[in-house]
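Down below are the structures I want you to see.
Both complexes shown next keep chain A, but they swap its partner, so chain B is in the first and chain C is in the second.
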Partner chain A sequence: MQYLIQLLISGLAIGAIYGLIAMGFAVIYKSTGLVNFAQGEMTMITAYIAWTISTTVSGNVFVVAVGAILAAVLLGLVIERLVMRPMLGEPVFATVMVTIGLAVILRSAINFIWDAYPHGLDVGMGRGIVHLGGIGVRTGQIAVIATLLFLLAAIWAFFRYSKVGVAMRAVAADDRTALLMGISATRVHALAWAASSVIAGIGGVFFALSYDLSPAMFQLGLKAFPATILGGLDAVLGSGLGGLLIGITENLAGGYLGSGMKEVAGFAMIIVVLMVRPFGIFGERDIERV
Partner chain B sequence: MPATIPHPTPSAAPLAATAPDALLEFRNIRIVYDNAIEAIRDVSIAVPEGSIVALLGSNGAGKSTLLKAMSGILYTEEGVVENGSIRFRNDEVHRLAPDELVRRGIVQVPEGRRVFAALTIDENLQMGGYTRTGAEARERRDKVFTLFPRLHERRDQIAGYMSGGEQQMLAIGRALMTDPVLLALDEPSLGLAPLIIDRIYEVIVRLRDELKMTVLLVEQNAQRALDIADYGYILETGRVVLDGTAKKLKANEDVQEFYLGVSSAGRKSLREVKHYKRRKRWLS
Partner chain C sequence: MRTGDYKQTYGELVALIDSPPVWLWSAVLLLALIAAPFVLNSYALSFVIIILITVTGALGLNILTGYTGLISLGHVGFLVTGAYAYAVLVSKYHMPPLVGFLGAGVVPALASLMVGAPSLRLKGLYLAITTLAFSFIINTVILELRWLTNGARGIQVQRPEIFGISFDSDAAFTYLCLAIAALTLLATLNIRRSRVGRAFVAIRDNDTAARVMGINLHAYKLFAFVTSAFITGIAGALYGIYLSFVSVEGFPFLLSIEALAILIVGGLGSALGAVLGTILIVLLPEATRIVFSLFSAQMDATFTTGAQELKSMLYGLVIILFLRFQPRGLVGAWHDIRRAWVHWPLRY
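Moving on, here comes the complex of A and B:
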């Protein structure tokens, strides 16, 4: 029993990281209609920047957090402006190919700018262990789950109640008509890239806190992508929850069926879910009557 | 040139087109798509303040193209205003961004309504008020609700599930949220039942008479449009072939025959129609 709970908790913790990155995918998809295959790489860059701040400027957790968020915003805006905006109006396929190219460039940038060795991100927090009813949980794990839940609620409220959030949905649904209403699609896109970069970046920093930084970190994107598909590409909240599901499934499969199953389990679940619900668990069907 | 219509009356140079008091004016405009296809050739149209101006013509005549140019979204289809200008209150506006045009008071209700299907009615209206402050938008929304009480009843419903007529009302309401000076409507009667069209048209007349709004009405349904319009232009293959007051246009034999579907001289054979079309193409 204790073993099961332990597996569930660590599954939730890694799942929350997948969930954050998956939400990054979904925010961009929801407002621009694109799948950003460089999401994992953007996550990795943000984590590396956080590490650089912690080693050069200050290891204070607030300094690192604020610095990493600003860096993520900047990264998102720069990519949108330099790479994505010129592709506006081009076929979706071409644009998605551009994100794949971008992914490869960012991946190599790690080796140019930093190095190929693993590093630990230390902000003096997150590695301590708390005992909850006899089960040891790392504070970082609790923090990442709490962060995911908080962001889920915040983003739900943002898309539901804020003018800009509704505008993002409007642009995604029909960008031409949004233009006619005076909604600047480019500004909305830029905002989506910045937000997505920050949300995913938070996931990356938490990953670096709990495990370590390495140039292989971009693979988080490959794990988070199924979470987005599972939850529904257009469902930001669903993607967050999809991440939790993938995390738990992976950990249970790894714990009970052997570590070889760990990698496979998430994808096996995707195949089954998509057969039953091709839009993902929380994805919206297009409204047919229009 | 307008003067080449076979039968009577076209005013040689459209008088209103150079009228200085026009709110919106297309001046000798030429629009080209993809650097190759000329969609609009030397068109001049004037929309005087406080009037309803009808823009008539069949499919592909270039009516929607003019509206897209007016709203600054031609570029999304690789279209460019090559010659001439569009003037709003005597300022050149055809190079402005769409959101700036909306801020200045130009808005259009696009063809096919295009409500944001997955958003609620309230959210659709909120998007119409995107360029306005929260307080302004709330005030506008109350006005829209008095104009269309139906929208108020169903404000929390998903727009995509409404009937076509309700969607048209929502699309108009959404455009009114921008607090427009000039409202352009692209085929508001498209695909709607006659009774619903009546109601939509009643609202358009009220917009002019009660709210002093200027309306540019694009229609294929010439009968309806000329019933409420003050002035009309007829577009064919990218040029104005006829213009005049609504009354004059309705009395024009060609308009009656080819746009209003009435014939003074009994039934005519298809050959004569073709003959007319061919002749006009050669002459124009």
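Moving on, here comes the complex of A and C:
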């Protein structure tokens, strides 16, 4: 029982990180209609920038947090402006392949800008252990779950009540009509890339806090993928919850079936989900006009 | 000199070789490749071998992604299954190499049925994601089936001996690769101009319309998967033999990206494109290294230390630049040049 609860809690914690990155996928898919295969790499870069800030400028939590968020915004905007906007109006296959090319470039860039060795991100907190009813939980794990829940609520409110959020939903639903209504689609796309970069970047920084930074971190993107598919590619909140489900499944599979199963549990789940409900649990079914 | 198309029958339109100059150049290319082992040193010859193996694999992916329009991000999964099928049959169970090659085609083809069947309901991005998941699952399956595959330790593979001819030397192995690559090229060209190929292209252009015209989507999509996996598996076996060691690490995910890069750079849906793209992508890192070393010895040193990273960076850049500036690939550029040459000084 103790073992099960331990697995569930660490599953929730890693699932929250997957959830954050999966929300990053969903924000971009929802407003631009493409899957950003460079999400994991963008997450990794944000985490590395946070680490650089913590080692060179100051290890203070707030400095690192603000610096990382600003860097993530900048990263999202630069990528959108330089790489994605020229591809506007091209077929989906071409645009998605561009994100794959971008992913490969960013992944190698890590090795040139930083190095290939693992580093620990230390901001003086997050590694302490709290005992909850006899079960040790890291404060970082509690913080990431809380952050995910807070962001889920904030994003729900943003899409529901704010003018910009409504504009983003309008562009997602029908970009041409949205354009006729006076919404700038390019500005919405830029905003989506920045937001996605920040949300996923937060996940990356939390991952670096609880585990280690290494150039293999881009695999977080691949791990978060099943979460987005499960929740629905166009469902931002659903993706966040999907992350929690994937994290728990993965940990249970790893704990009871062996470590090999842990690696593929998410991918096996993708295939099942795509067979049964390709648009995800919370996603909207596509209706195709001929 | 040709000034335009004067084709009057359907047979002339689908002919593989439609004019004497094309005959001539194809023959020259073939002779050059046959002469290559005698002329080139072993370093240059290794590039010829890699190009020939990669062409085979790229042609395999071209059937699926280029002709039928089904994007696969997991083609490395078929490569690795093919390589393992060959290694297990030949090195472990001491079967003749021909049986090994057959297995290297059939096993991935069966695996492709497993990933293809559920994918029939999916389109575009979702299919790409399923194939991506497949390639990760297949790696874990190989690592877990230790009694069959030696797990992470991998399997040693010897160069084969077929019909008493030993393919041990690099020159002989080049001929084996050349024969297989040429056969594959002929096979894909013939598939393209047959009823099956036209059905593939119809599915790619608009699957709903294709279905309305009476094309059995399920059968043809599965057929594309099986053919593509068969060819890719054989390329995988050749690559395994070339490396003389088959392991999961020998087939990194980057190979899937490399294969897609080849198709994009060459021009999607064209066998000639797959060949041109392979040549460019395989030689690109080497060419860059030479250019770098011209500048300074220090840059050359960076290249040797970060070779793998620079290589993947180049692939990424090439993919993005081609998609942005020349979406029809090298084949498109070649067509433009040819048209300009024939019609000059007129525009068309």
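FYI, the second predicted complex is superposed on the first by the 285 of 290 C-alpha atoms of A that agree within 3 Å, B and C clash if a C-alpha of one lies under 4 Å from a C-alpha of the other, contacts with A are read in each partner's own complex, and residues count from 1 in each chain.
One rule holds for everything that comes next: a residue touches a chain if its C-beta (ideal position, glycine included) is under 8 Å from a C-beta of that chain, and two chains touch if they have at least 3 such contacts.
If you're wondering where the values come from, they're calculated on a predicted model, not measured in any experiment.
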item: Chain A as common anchor, with chain B and chain C clashing or fitting; value: fit
item: First, second, both or neither for A:L74, with chain B first and chain C second; value: neither
item: Which superposed partner A:L252 touches (first chain B, second chain C, both, neither); value: neither
item: Touched partner set for A:D174, first chain B, second chain C, both or neither; value: first
item: Partner chain(s) touched by A:I183 [first = chain B, second = chain C, both, neither]; value: first
item: Residue contacts with chain A in the superposition, chain B compared against chain C; value: C
item: Partner chain(s) touched by A:V96 [first = chain B, second = chain C, both, neither]; value: second
item: Touched partner set for A:P86, first chain B, second chain C, both or neither; value: second
item: Nearest-approach distance, in Å, of chain C Cα atoms to those of chain B in the combined model; value: 13
item: Shared chain A surface residues [contacts with chain B and with chain C]; value: 290
item: Touching residues (chain side chain B, partner chain A) in the complex; value: 71-73, 76, 97-99, 101-103, 107-108, 110, 114-119, 123, 126-128, 130-131, 134, 158, 160-161, 174-175, 178
item: In the complex with chain B, residue positions of chain A that touch it; value: 89, 163, 166-167, 169-170, 173-174, 176-184, 284, 286-287, 289-290
item: Chain C residues touching chain A - in the complex, by the definition given at the top; value: 71, 73, 118-119, 121-122, 124-126, 128-130, 132-134, 136-137, 140, 143-144, 208-209, 254, 257, 260-261, 264, 306, 309-310, 312-313, 315-320, 323-324, 327
item: In the complex, chain A residues that touch chain C; value: 34-35, 83, 86-87, 90, 92-94, 96-98, 100-105, 107-109, 111-112, 222, 225-226, 229, 233, 260-261, 263-264, 267-268, 270-271, 274-275, 278, 288, 290
